[in-house]
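In what comes next, chain A is part of two complexes: it sits with chain B in the first one and with chain C in the second one.
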Partner chain A sequence: MKALKILLILLLLGGASAATVMYSGIVNVAADEPHSDIVYWLLEETREASIKKSAQHIKVPDLESPELLLMGGADYEYMCSSCHLKPGLEESDMSIGLYPQPPNLSISHETHQHGTDEELARKNFWVIKHGIKASGMPAWGKTHSDERIWAMVAFIKRLPTLTPEQYQVLTAID
Partner chain B sequence: MKTNFIKTVGKIALILVPAITLSMNASAHDPKMHAKKAEKADCSKMDHSKMDMKDPVAVAMMKKCMKQSKSSMEKMDHSKMKEMDHSKMKEMDHSKMKEMDHSKMKEMDHSKMKGMDHSKMEKKKNKKANSDDHQNH
Partner chain C sequence: MRKDRNKMKNISIMLTTVSLMFLTMSNVVTAHTSEGNSANKRDELPVLTSSAGKVVMQFHQAIQANDKSKARGFLADNVIIYEGGRVERSADDYANHHMLADMKYLAQLEVKILEHEVREVGQTAFSMSRTKLTGEFKGKEVNSEGMESMVLLKKDGKWKIAHIHWSH
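For the complex of A and B:
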């Protein structure tokens, strides 16, 4: 009985402390003030684990079709390039101002950080379709078909190998 | 009373005018960056000799450029074209023509020929030499 009372008091104290932190306004939510290393690590690990688990059963189609590149290229230019950049564009207002900073998809990343090509394709599909909470990444699946999202995944796969001239041709409007 | 009011307005204007002017000039980037134009593919820089036609990127680029050139041809308004001045054309150099391969020619479909006006045709003097004399039809 005594232990229950202590637990109840602790819970009340915890709740009161949380409410004090929440409503006092001492937490800085400004995007130009980065998280502490530990908070950043906690959020990043949580995000990566969540995406990996949610995307694990997604079946990856053939992503080598030229038609997919053309379809995905136009969408990438208008939906993604302002944040995730493109060949010849190293930074933008969005890539500088957003926090967490959106990854630059026009440069190649070491594959061991993200797993195999297939795992990376699954992850990209899931992120494009569902978005990421409180990060600036929208859920494009609400307005775009899976086919169009896979086309973007196919384009992103080839993006780091493209020159600015190739990018221009592939993303231009007919 | 009136002078105090004028002084206050003057002070406010002294602060507001430079503040507004400065804030209007403080743009972080070129506003033109926001105006996204629908660009056409610039196919002039494509180097076909360096293209690997097994590469999906190369195939996609070729498809895009072919589609674009086809659609631009279709959009041409032929009615507004001036009549061609044949007099300025160079004579054809037949010597550079390859020999015609008649074996690959399709047979003529005589059924689709319109009625010929024989009255306007010149009659050849040597009937024997002309084996296809229309008068014999």
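For the complex of A and C:
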């Protein structure tokens, strides 16, 4: 009984402390002020674990077909390139201003990327479809079919190998 | 008079095709050799990232997707098409006649590109490809190879298919 009382008091104190922090306005939510290292690490690890778990059973189709590359290229140009950049564009207002900074998908991340091509494709599909909370990444699955999202995944896979001229041809809409 | 003009146009397209093919014979041989080494996977990126090659691929896709108006849009109005001993002398002729049969035929089959080479030389481009067709059409098993040569001309910044020669 005594232990329960202590637990209740602790819960009340915890709630009151959280409410004080929340409503005092002392937490800086500005995107131009980075998280502390520990908060950044906590958020990043949580995000990666969540995506990995959610994407683990997604079946990856053949991503080599020319149709997918053509479809995905046009969508990437209009939906992704302003934040995730493209060959010949090393930064943009969006890539500089967003926090966390969106990954530059036009360069190869082979040196620090874990997992197989298939795991990466699964993760990319899940992120494009469902988005990521409070990061600026929208859930494109609300307005786009799985086929179009896979096309973007296929295009992103080839993106680091493209020259600016090749990118221009592949993404142009006639 | 019109017949003479058509004849001259035919001869000019044929000469262009033959000379361009001759000029790039070494590249074609290279592409053919690499096909054997890379088993079933072909990388279409070099074709897709040339503006003329992209037009050819989009034309193929439109035909396979049964999209008549899109396929028609990639053809020059006065395109000349040789197919199976027949000649179509304009895009509208082809769109209203044999294109529909081609669409029905290809919709039933699996089409695999065996080799594909596209070269742009100034305002002219040519495309050469071989494909493997498998499946069943009208109750008959299909297992054949098709060959395609195209000449494209660039006008007002856009590539249009000016000549096609198909053989199966």
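The working rule: the second predicted complex is superposed on the first by the 171 of 174 C-alpha atoms of A that agree within 3 Å, B and C clash if a C-alpha of one lies under 4 Å from a C-alpha of the other, contacts with A are read in each partner's own complex, and residues count from 1 in each chain.
By definition in this document, a residue touches a chain if its C-beta (ideal position, glycine included) is under 8 Å from a C-beta of that chain, and two chains touch if they have at least 3 such contacts.
Because the structure is predicted, anything quoted here is derived from the model rather than measured.
Undergrad: Overlaying on chain A: chain B and chain C, fit or clash?
TA: Overlaying the two structures gives a clash between chain B and chain C.
Undergrad: Please tell me which partner, chain B or chain C, touches more residues of chain A.
TA: The partner making contact with more of chain A's residues is B.
Undergrad: Does the superposition put A:D37 against chain B (first), chain C (second), both, or neither?
TA: A:D37 contacts neither chain B nor chain C.
Undergrad: For A:Y78, is the partner it touches chain B (first), chain C (second), both, or none of the two (neither)?
TA: first
Undergrad: One more residue to check, A:D93. First (chain B), second (chain C), both or neither?
TA: First partner only.
Undergrad: Determine, under the contact definition given at the top, whether A:T161 touches first (chain B), second (chain C), both, or neither.
TA: A:T161 sits against chain B and chain C alike.
Undergrad: Regarding the shared-chain residue A:I173, is it in contact with chain B (first), chain C (second), both, or neither?
TA: first
Undergrad: Any idea which of 4-12, 40-48 or 94-102 of chain C is the one running into chain B?
TA: 40-48
Undergrad: Go through chain A and flag every residue that touches chain B in one model and chain C in the other.
TA: Dual-contact residues (chain A): 64, 66-67, 69-70, 158, 161-162, 165-166, 169-170, 172, 174.
Undergrad: Which bits of chain A are touching chain C when the two form their complex?
TA: 64, 66-67, 69-70, 158, 161-162, 165-166, 169-170, 172, 174
Undergrad: Looking at the complex, which residues from chain C come into contact with chain A?
TA: Going through chain C, the ones touching chain A are 41, 43-45, 47-51, 54, 57-58, 61, 158.
Undergrad: Residues of chain B touching chain A in their complex?
TA: That would be residues 28-29, 33, 36, 38-43, 45-46, 56-57, 59-61, 63-65, 67-68, 71 of chain B.
Undergrad: Spell out the part of chain A that touches chain B in their complex, as residue ranges.
TA: 64-67, 69-70, 73, 78, 92-93, 158, 161-162, 165-166, 168-170, 172-174
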